[in-house]
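Each in structure tokens, the structures are laid out below.
In the two complexes below, chain A is the common chain; its partner is chain B in one and chain C in the other.
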Partner chain A sequence: MARATLPRKSSTPRRRNFSADRAWSLVVLAPSVVMLAIFVYGFIARSGYLSLTDWGNDPVQALSLNPVIKFTGFDNYANLFTGFLETRFRQDLVSTLFFTVFFIAACLGLGLGLAMLLDRNPRGEGLWRTIFLFPMSLSFIVTGTIWRWMLQPSGGVNALFGLDPNNNAWLTSSSTIWSFDFNKLPLATAFVVGLVLLVVAWRAWTSGDRTRTWTAVICAALLFLWALTFGNRVQITPAPEPHGFNLAFIGIVVAAVWQMSGYTMALYLAGLRGIPDELREAARVDGAGEWGVYRHVIFPLLSPITLSAMIILGHISLKIFDLVYAMTGLNNLYTEVPALYLYITAFQGNQFAKGAAIGMVLLVLVAAVIVPYLASQFRRSDRA
Partner chain B sequence: MTTTVPETRASAAPRRFSLSRALVYLALVVAALFFLVPIYLLIVTALKTPDAINLDTTWHLPGTWNWGSFTEAWSKVSGGLRNSLLLAVAATALSALLGSLNGYALSKWKFPGADLLFALMLFGMFIPYQAVLIPLFQFIKGIGLYGSLWGLILAHVVYGLPITTLIFRNYYSEVPDALIEASRIDGAGFWGIYSKVIFPLSVPGFVVVVIWQFTQVWNEFLFGVTLANPSSQPITAALAQLSGGQAVSWNLPMAGALLTALPTLLVYILLGRYFVRGLLAGSVKG
Partner chain C sequence: MKKKAVLVTAVLLGATAAFAQGKRVEVFSWWSGDEGPALAALVKLYKQKYPSTEFVNATVAGGAGTNAKAVLKTRMLGGDPPDSFQVHAGQELIGTWVVANRMEDLSSLYKSEGWLSKFPKDLIPLLSSKGGIWSVPVNVHRSNVMWYVPANLKKWGVSAPKSIAELLTACNTLKAKGLAAPISVGDASFPQQHLWESIALGTLGRAGWADLFSGKLKFTDPKAVAIWTNFGKVLDCTNKDAGSLTWQQATDRVVKGQSAFNIMGDWAAGYMATTLKLKPGTDFGWSAAPGTSGTFLFLADSFGLPKGVKNKTEVTNWLKLLGSKEGQDAFNPLKGSIAARTDSDLSKYNAYSQSAARDWRRDAIAGSLVHGAVANETFMSGFNGIVAQFSQSRNAQAAAQAMQALATQAKLGQ
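Now for the complex of A and B:
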């Protein structure tokens, strides 16, 4: 990054008052900084505080002018994650994670495919690009409205392909696949983390870092030990609770991919165009076939783009709200996501504390994706 | 990679007809159908009379062309359209102007901690608005702007600042520092440099930011549905209402969707290059 260099005293004959200019730059930034400090960080803090209260849990207090708000600690969170009545929220959480995975995978796959097609310089490239990208300019509400009609049981896609509406209830299906018991989540998490630690240990071993190897091995061993002894007995919900991928989401994933895959195409196309022809030629001279060029030269160079796209799409999908609202409305339990549940609890049910807690859960999910990304971007630009 | 397989020829010349070439076009056509078919259905449905919309003829062209859906949809969304227009223009102008000044200050008058400050600002671009929605709602209500367009404008300006600042900062970092140096030696200060050097160079930057922000604000829904009441609702909220009702006759929401989509679609078709630049700016930080 180029930095504004200070003028040397001797070389500036008519030097203006430099500190005054510098002060102006702070004055100019101040309003934005103050506003963002309040609207982003202040409001997050306020949401955080509200989520620790009982505001709105009693409907009478919710709407009174001077509500009595009691501090209740982590009750709202405990309730959301373990309470008997909040199965709904936990299903929303599972749904949003499934949705995110399929949405990202499909956008990446389709986007990369389209970019590779366009990279072969077909005629009318501009027109194809326009066609693939135009849904990006639409509102999720428009997309949702169109696809809701496309996916009506007795019309649209079913009529086009001659599908039986009874077996293809796109947005209204209540079937679930890949169900798992929510109670087993800590156990499963422990196993996955343990396996990851073992991989870390193996890598450290091969690179000769003994301390790291042993630390990772011991942590993994402790996790497995816990999983095998106490982990089995963990009960986070009062009863076994199956959650899985609701098939009604397939239609919403299709609509979301329709809208956003042009974005990954644009990213990948920019990346492909940035790869110098000499590199491909060199690989071909070395004897790589068409596929070999992609596998050994192009895909590795595109991996930073894939990561960026995953992060951008991931944070969009974790907080998605309008598309679901437009496609299945507020009352379809099978296609609910946490962001929609928040709207229902806080803005229709006036349960503000619970809504704030859901908002904080969403924030944590998104921040877990975004913060490392922003940090790495800035570390890189510092080194440059 | 270093192993040499003889007999492997470099791939065929790009423009010659070949099977792989034909497959490329076939794949492109199939993909284009996936993107265009919903639009076909949107348009034909919007042009049908309600009683002509049924299972057997879903995909047929309308027998009688019925433009009445647009008149009816217009009467239901025109208020929202007016609100959206005002909202998008005001919020875009304000956030673009502030973003330009921020970008200038952050890229050309760097102070210690400027990068950290910028990173903290950028975070505001990614937060789920749901995490600030309840306090925002209280705040807008508290200062008496709930249900007026001004509350929405305020929210869009503030939460638009990160992206406008980002785009301008990246844009201005391309402006050579030597140019700033030279003007400074000529006696120009903070504002002089901005008005004589930076601002005149900013037109392409403003085009990108304005197009991107306008589209974003126009398409936004969450604020529109939580911070506005029916009289100040943007068009997205009006459309959601139009299509969410009981016993929908589908010609109406389809016509409404077309009306809602038209402005941003036109912007994209006419100025797509700048739209894509804004799109890419949102993911490539610097």
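Now for the complex of A and C:
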């Protein structure tokens, strides 16, 4: 993107914009721009529109030649988040958030650990790098099939290490931990946001920005007030609804981490190699121990890489479909994610509008991860 | 000269156009792999009878047609319907494609071919709605069958239970003898729902089962809630690793003596007889699922005639072949199913199929829920979720309420 702005800054006059080169580049780019406009953004818009209709809620209209489609506003969304029958969707949402957290944490931890080991130039480093990076060359379907075999209760890992299949149900556990009532979610969100606002207020106070301090404090106070009075009484769903972390996801997390941690390792390794030796030497001269060098010099310098890795892993995990499909199949609620439910709703249940609504929820989730990152990248490249 | 060239070109163009539009029939199914040879036998027969018609085999592989159905919907919505497509007979077709006004009524074909007297009487209403008959069933499978190994039962000192109460007693007896999971079941993709439907039929009986889907009996009725209570008790007798087993692996547990009983459709007989080379009747035994004897919970693969196909005669020929004695007897012994017609040649079938065919002619017929006979796809897809949720929460009342809400949403029985 930085390249695109370069000609303007250069001393060449603007009139040369219509050079043959530029015309040629337009011609070459146009088809993909048009295709993107139609097949990505056009279809997103169409899905967005469909999610506001009732297409497929009536089986008679679902597959008619000329279906009567009514505009129903945000009914589908309201139904997904509060409807009696949509407990399944809400559990999927909770599951995918848990999965994302564990997947990212494990990938980052393992990737960084491996990168630090390889950074010490062990013998056969190239070979190790290839071995760790290799899983990434497989598709999630292949990974899923392999790990499905490996994690079978009475075979694979359990047989190899002589583990009791009843206590080591990697993919088949039906236990849930950290269960909470879905109705408490707004309350919890209010508290978390309130705490963040207080931190913001504290920071503003220490840097002497009075206006900001008071705005943050007042907002936080209002939020807490709401949480303690009305928030307590919020009932989103008709009945109390426990959702938690399904232990069957452990197997899926293991497989996903196996697939992606090599990639994080490669990112970190590139980052580590990019840190000049002088910095480490300087830290050592200043009296830093081995751990001190990492803590005060290397980790801070690696933080942009951590951010990039989190973005990439985050959007993969939010929209994951194929891995779970291959490992535990359809209709397995213990390991279901919203993308699978979307497929089931739209292509098995013929409820196209509801499927579109689930798709839009997923899009918003992924966008919430990607857009701030993209924005910061654009800003950085503009400055460059 | 010029005129002549134009004329020749026109003739040539016309000829190619005629050739391209020539007689062809595109048949869409999910019969591949093990079921491929059975389809091939039908195709061979069709080509013998109608050698001038080109047969296009549009098979989309994938268990129980999950992938095929998604492809079919894309094609239909995109205005490119196949000439004839495989679909489970009953509401899966009626609730999806017939209500959408996409199918031709086949009543006249039934009359001209004399099929009304060749298929069992109980079957026709399950294939009909709004005064039309909508598809031709080529085969029949039975859903409510319980499988066991007679020698093992003898060893353990139990007999095949006749009712759900007896099943639960047998379960306790076997557990006391150290068999951790007397009943085996596979994953949530369909085996668990399959178990549910046999338990439901066993709990309600045939009349109650039919009332459930015609809307006469509410899912929240205490009688219907009892299905879930029973289902929960039966689940307590099943293997813990169910989630990772296919239905074949669940059958394997019975064959290996790790479980005593397995309730599965009669494709399990094909698996045990053909793949595992076991002898029906001696190496493995069967009976109707507990509480369901005298009722044949059926599912059938069938083909219909979509509206607006170009090669109507050729497709009708295909349907005629499917419904004929010759066609059904060519297909079913290879597929491991039985003929939907009651006059098929039983000598071509193995011991299990012969017994199933006898039951088909004699028993009352009810439609399978899991395999599309009694509810539309919206209901089936939601039902999958409710069974999965129940196995987590074990809340019979909540499950029953969810079923009723789902029935309303899917306009069941309306």
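One rule holds in what follows: the second predicted complex is superposed on the first by the 363 of 384 C-alpha atoms of A that agree within 3 Å, B and C clash if a C-alpha of one lies under 4 Å from a C-alpha of the other, contacts with A are read in each partner's own complex, and residues count from 1 in each chain.
By definition in this document, a contact is a pair of C-beta atoms (placed from the backbone, for glycine too) under 8 Å apart; a residue touches a chain by one contact, two chains touch by 3 or more.
Predicted, not measured: the structure shown is a model, and the values here were computed from it.
When the two complexes are overlaid on their common chain A, residue A:Phe347 makes contact with chain B and with chain C alike. By the touch criterion defined above, A:Gly329 lies against chain B and chain C together after alignment on the C-alpha atoms of chain A. Using the contact criterion defined above for the overlaid structures, shared-chain residue A:Val94 touches neither chain B nor chain C, since it reaches no partner.
Contacts of A:Gly156 after superposition on the shared chain: chain B is touched, whereas chain C is not.
When the two structures are aligned on the shared chain, A:Val253 is found in touch with neither chain B nor chain C.
Within the superposed three-chain model, A:Arg148 lies in touch with chain B and with chain C [touch as defined at top]. Shared-chain residue A:Thr172: touches chain C; no touch with chain B. Touch criterion met: A:Tyr263 reaches chain B, while chain C stays clear of it. For chain A, the partner that touches more of its residues is B, with chain B and chain C as the two candidates. 148, 152, 154, 329, 347 are the residues of chain A that lie in the contact sets of both chain B and chain C, per the superposition on chain A. By the touch criterion given at the top, residues 1-6, 8, 10-11, 14-15, 21, 24-25, 27-28, 31-32, 34-39, 41-42, 45, 55-56, 58-59, 98, 101-102, 104-106, 108-111, 115, 117, 119-124, 126-137, 139, 155, 158-159, 161-162, 165, 173, 177, 180-181, 184-191, 215, 218-222, 225-226, 236, 239-240, 243-244, 250, 253-254, 256-257, 260-261, 264-265, 267-269, 272, 275-276, 279-280, 282-286 of chain B touch chain A in their complex. Across the complex, chain C is touched by residues 56-65, 67, 84-85, 87-88, 148, 151-154, 165-166, 169, 171-172, 174, 176, 239, 248, 328-334, 344-345, 347-351 of chain A. By the touch criterion stated above, chain A contacts chain B in their complex at residues 1-5, 7, 11-14, 16-17, 20-22, 24-26, 28-29, 31-33, 35-36, 39-44, 46-47, 50, 110, 113-114, 117, 120-122, 128, 130-142, 145-150, 152, 154-156, 159-160, 258, 262-263, 266-267, 270, 281, 283-290, 296, 308-309, 312, 315, 318-319, 321-322, 325-326, 329, 339, 342-343, 346-347, 352, 355-356, 358-360, 362-363, 366-367, 370-371, 374-375, 377-378, 381-382.
Residues 66, 69-70, 73, 76-77, 95-97, 99-102, 187-190, 240-244, 376-378, 380-382, 384-385, 388-389, 391-392, 398, 401-402, 405-406, 409-411 of chain C are the ones that touch chain A when the two sit in their complex.
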